[in-house]
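So, here's a batch of structures to check.
Two complexes follow with chain A in common, the first pairing it with chain B and the second with chain C.
== the complex of A and B ==
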């Protein structure tokens, strides 16, 4: 097997690109895919302050490394979710990554800041663990990004993630979710701008990127993800991909190109007001996250106080719209 | 030859020589869902494995 570019021995075959690559040209391929997505969707600029959500897994660490290599200013945010030893080992991978590259990491521990972890929240509220986890992560990331004055939050959602979510939303015709499944979600009051620069890379590619860059990451699956619906969707799509390489990309990018505009993005701005406990935007008196905290900790609303996660740094805010002046 | 599998971690013994593609087929693993790693790098599908090889088959799908 020879590299498509230099004809040296290849280390990976990418059947959807009908290509094999050596280490150097595979890493270049990954950088080019990310650069292309950032440009195509006007995601971020090099003078933006960016916050990356890091978990210790392959996608978020690959994303941080790629953006760092491409010259973007990226800080990381790690959330201690309180999933027993899994959270401890995930944090060690993030710490090692940050120390090797002298990057800035913000750490928010759910137990310290809010008095609960995902394991206990799931048990006490009888919520599906992934639901309590996702809700907590979204709340903390949104707040940290807004409080810290970041121009965008980047997340490690890859092509497999997006194709699996689309597959699930189509199966159930979740029209509201379909309208929101965009690579860029613009900022709204209380919500930061969110972008997904890895959507042209599969999970196999982000894992391969980490191996070839020497990035150690959490390989073991989260112990609470057992039975996760998306895992089943991903396996189903990979069976299709094996038979017909390129199916996942055609499904997802075909949707973005030809179908997404048929689904209106829900505009709930008029219905949102501040949560009476934490001030985050919500369509109820108390936001879903605060309701989870109250249930998980057995406290009452009078005990809830806004928590400052990140203080805004003393640097000038970047100017201009997204996309302009991209280097 | 010993092969390390993950999630959960365990070792299995495989008869060699065998190509990576044939090994994955024998283990009923989808090539899109795993990486084969040896000596700190990726092992391509057409590589033929021998007794002195030590490889890990690493799943790449995560619940996220």
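== the complex of A and C ==
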């Protein structure tokens, strides 16, 4: 197996691209894929201030590294979700990455700022953990990006993620979600601009990228995502890809090219008012996140006040870092 | 396991309906599903002259039987496709069904009327067999229905078929096909009205219907469909259905309810002109079917003349029935 570019021994084969690559040309391939997406979808510029949402997993750390390599100015945002040991170890991977590169990391710990973690919230409210977690992450990311004046939030959603979400939405024809599944969501009052530069790379590729760049990351799947339908959708798409390499990309990019506009619906985000508890845009009196906080903590609306962003790039995990002892 | 209706011992469980049925109530269930589809989509009336396309398989024979039971006037059309032994044995099942019920059957043998069978056409033209077969069947059905003055052609496409076709079209976002995948296609100049009354029944249900009604049918899959991607799509949907009963119906009917209109495109069938060889509507000088005939038989356009419909309801399979000796 030889590298398509230099004919030296290859370290990875990418059937979808009908190509093998050595380490250097694979890393270049990854950078080129990200550059291409950024250009095709007009995502970000080098004079933008960018905030990357990092979890400690392969995708978000690869993304941060790739954007650095490509010359973008990127700060990180880590959210301590309070998923027991999993959050502790995830945070240590982020910390190590940041320290080695002297990057700026914002840390928001759900327990410290809002008095609950995902494990407790899910148990108390009987909500599916992934739903409570997603809601919390979106709320904290949006707020951090708007408060910090960032030009864009970038997230590490890869091709497998996006194809699986699309697959789930198509199987149930959830037309509201279908219209919004774009790689770029423009900023609106109270919402930052959100972009996904990894949509041309698969999970396997971001994992290989991290390994070849010496980036240590959280390998375990989140323990609360067990039985998540999303994982079943990924398996179905993987079987398809196995039989016919390229079909996952064809499914997702074909959708963006030929179908998504058919699901476009009027953007009602401008008609939202401020949440009476936290000020975030919402179509109700109290936003969904604040309702979750109230339920999870058993507090009442009068106890809720806007929370200042907690910025502590250098907090050591051993003395109050996210996930430590707040369950 | 007891029948949901009468509490007698049940013979079949339908997880999607969360129900078990005895023989009589299962047969009633099938009739009700067909009645409901006919009503919901305004498909056919009892004063219509209907032509059912029969292959000798479970779906088309079940459909013919169900429509008879519901009081519709239905003739059959069988096409001898020339797929070696498979066509011979398929025809015998149709013959037996027709003789037992004294029904009217039109038989068109591709070899006799057009000088080729699907096996030879596929080999000669290097076309995928399913493509040559589908093209031939559509052409002959359309012509037979229009020539015979029928109000509608009904076909035995079941829920598994329609969901699998939709799945394949969605995976590749074939938007042209997506807009046309309706249970009713209205008549246009040269094209008959086409409807699919079995879309609320699965393969398992039409098979059980035949067994319980004592209808003998061709059980074997077509030998030329081996490796057909369509079958892989059915498997993928079956896995999904296994995990979450009802998801196949949700996928297909959700599409009809919430998405198909988004893929509607202007119907260009009225702008078609007559094929210079056979007179069928086409957007070219010679229609796709006649091009297939010319290629498969090695004849030239001047040899082609409109072919009269061959009607021979009582032709014995042993002396020139479809598939016998024309390879």
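Following the convention adopted for this analysis, the second predicted complex is superposed on the first by the 305 of 327 C-alpha atoms of A that agree within 3 Å, B and C clash if a C-alpha of one lies under 4 Å from a C-alpha of the other, contacts with A are read in each partner's own complex, and residues count from 1 in each chain.
The rule is simple: a residue touches a chain if its C-beta (ideal position, glycine included) is under 8 Å from a C-beta of that chain, and two chains touch if they have at least 3 such contacts.
None of these values were measured; they are calculated from a predicted model.
When the two structures are aligned on the shared chain, A:225 is found in touch with chain B, with no touch to chain C.
In the superposition on chain A, contact of A:258 is made with chain C only, not with chain B.
Shared-chain residue A:119: touches no atom of chain B or chain C.
In the superposition on chain A, contact is made by A:171 with chain C only, not with chain B. Of the two partner chains placed by superposition, only chain C is touched by A:247; chain B is not. Touching more residues of chain A than its counterpart among chain B and chain C is B.
By the document's definition of touching, both partners, chain B and chain C, reach A:239. Chain A uses residues 239 to touch chain B in one structure and chain C in the other.
By the touch criterion given at the top, residues 6-9, 30-35, 37, 40-46, 58-64 of chain B touch chain A in their complex. In the complex of the two chains, the chain C residues touching chain A come out as 170-173, 175, 229, 232, 236, 239-240, 243, 247, 250-251, 254-255, 257-259, 262-263. Taken together, the chain A residues at the contact with chain B in this complex read 1, 9-13, 20, 23, 57-59, 130, 157, 160-161, 202-204, 206-208, 211-212, 214, 219-222, 225, 228, 230-231, 234-235, 238-239, 241-242.
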